[in-house]
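Heads up, the thing below is written out as structure tokens.
Per-chain numbering from 1; labels A, B, C and D assigned in written order.
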Amino acid sequence: MTLEILYFAWLRERIGLPRETVTTQATTVHDLIVELRARDERYALAFFDLSAIRVALDQELADFDADLANVREVAFFPPMTGG
Amino acid sequence: MEIRVQEAPFDFGAECARFAQGREGIGAVVTFCGIVRNDGGQMQAMEIEHYPGMTERALRQIAEDASRRWALADLLILHRYGRMRPGEKIMMVATASTHRADAFAAADFLMDYLKSRAPFWKKEISADSAAWVAAKDADEAALERWG
Amino acid sequence: MEIRVQEAPFDFGAECARFAQGREGIGAVVTFCGIVRNDGGQMQAMEIEHYPGMTERALRQIAEDASRRWALADLLILHRYGRMRPGEKIMMVATASTHRADAFAAADFLMDYLKSRAPFWKKEISADSAAWVAAKDADEAALERWG
Amino acid sequence: MTLEILYFAWLRERIGLPRETVTTQATTVHDLIVELRARDERYALAFFDLSAIRVALDQELADFDADLANVREVAFFPPMTGG
């Protein structure tokens, strides 16, 4: 499966890129994070504390155990601070 | 219902005037405007990042939720992204209703949800540092008011 | 703190712009505007009588009470009297604070007290009748929210 | 004692004047209302139901049993409908 992964705010800064295309066998967000953490130090650091991270699947907020089937766009970001 | 996400500054007074214009049927308009604070003079600028596509979608969901909960004649959400200086307007909401209680509650609700459920992230830039604004527990707790 | 009681129309947008202008220290502005409803097209005009002298005094007391309860950087109350047509703006309040919760609560409080504790009386004039608006029990009950 | 009495809204309309100067021996608002009611039909009608009337002494809201000592201006009006 090929996913478009987006990073925002300090996640974007730590990983060093705003988006990337990833080919993966992960079936849940959690699996995907485990894969990304294993890549290198930047990812391991960025995804160190999951309580500081939110995820959206195809632009809808989701949980870490959400299924990736049919998903095209995954976004990781810190808790939002709008308004 | 109108939702705008833009980098350009907006004219709060002109938006208020336009929103309240020609409303013979309704009795109450509430507006809220968020302004960049200087926090004691330390801050030089605020930078707001957002998630194009999801932002509009999230704002629309929040607006539709408010419209279901209260009897609103109209509502406006306008939110900027990019770099702003202290004193600049960041965003505004406006609600129009027959009764003031609905207009107040809906505006208050919109602000609570915009704070924690719309994909914006603020960075404060001072002379010698830049820091992402941390989400406040109080902002997350505020959502519980709405059941 | 600014309190104005006047017969002349006011420019809601211009007042909002002026009130929110140059506020680097604060983060939140809330405004409320009350508009004459046409109530299904029956009403031709609204006439507001007031008690010169006591009006200004009562509004000042309400404003000072709000300033004691919440951390406000500023507040504005503007209320008209005389004859107005449906769609015309009757009055407005504006509050400025560092935090949105204070600005919202104070504006809501000002409106509740203006409704029932400031000496204004509304008369609705239609083609074939004129009737003084009765005070609503709900408006009196709303005051209990503020303890 | 000489008092300036003001009437607003439907009280003004029923009594037929916006203000008048009254010389009275009344010591409380209640006494004053009893005196006014006794004047004629218009006053009796205007002050028929006290639950529909509010009073201010020297521009401050007061109760019907309030003392009139040192008061110069008494205003009668229906419950307020501002905002």
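Criterion: a contact is a pair of C-beta atoms (placed from the backbone, for glycine too) under 8 Å apart; a residue touches a chain by one contact, two chains touch by 3 or more.
Keep in mind that this is a model prediction, so the values were computed, not measured.
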Any chain in contact with chain B as well as chain C: none
Centre distance in Å when chain B and chain D are each reduced to the mean of their C-alpha atoms: 48
Whole-Å separation of chain centres (CA-atom averages), chain C against chain D: 26
Residue numbers of chain D (touch at least two other chains): 83
Per-residue overlap in chain B, given as positions that touch at least 2 other chains: 34, 100, 111
Arrangement of touching chains [line / ring / star / complete / other]: line
Pairs of chains satisfying the touch condition: A-B, B-C, C-D
Chain B to chain C touching residues, read off their complex: 11-18, 20, 22-38, 86-87, 89, 98, 100-101, 103-104, 107-108, 111, 142
Complex interface listing, chain D residues touching chain C: 6, 8-10, 12, 56, 59-61, 75, 77-83
Residues on chain B engaged by chain A in the complex (per definition of touch): 34, 48-51, 53-54, 57-58, 79, 90-91, 111, 114-123, 132-135, 140
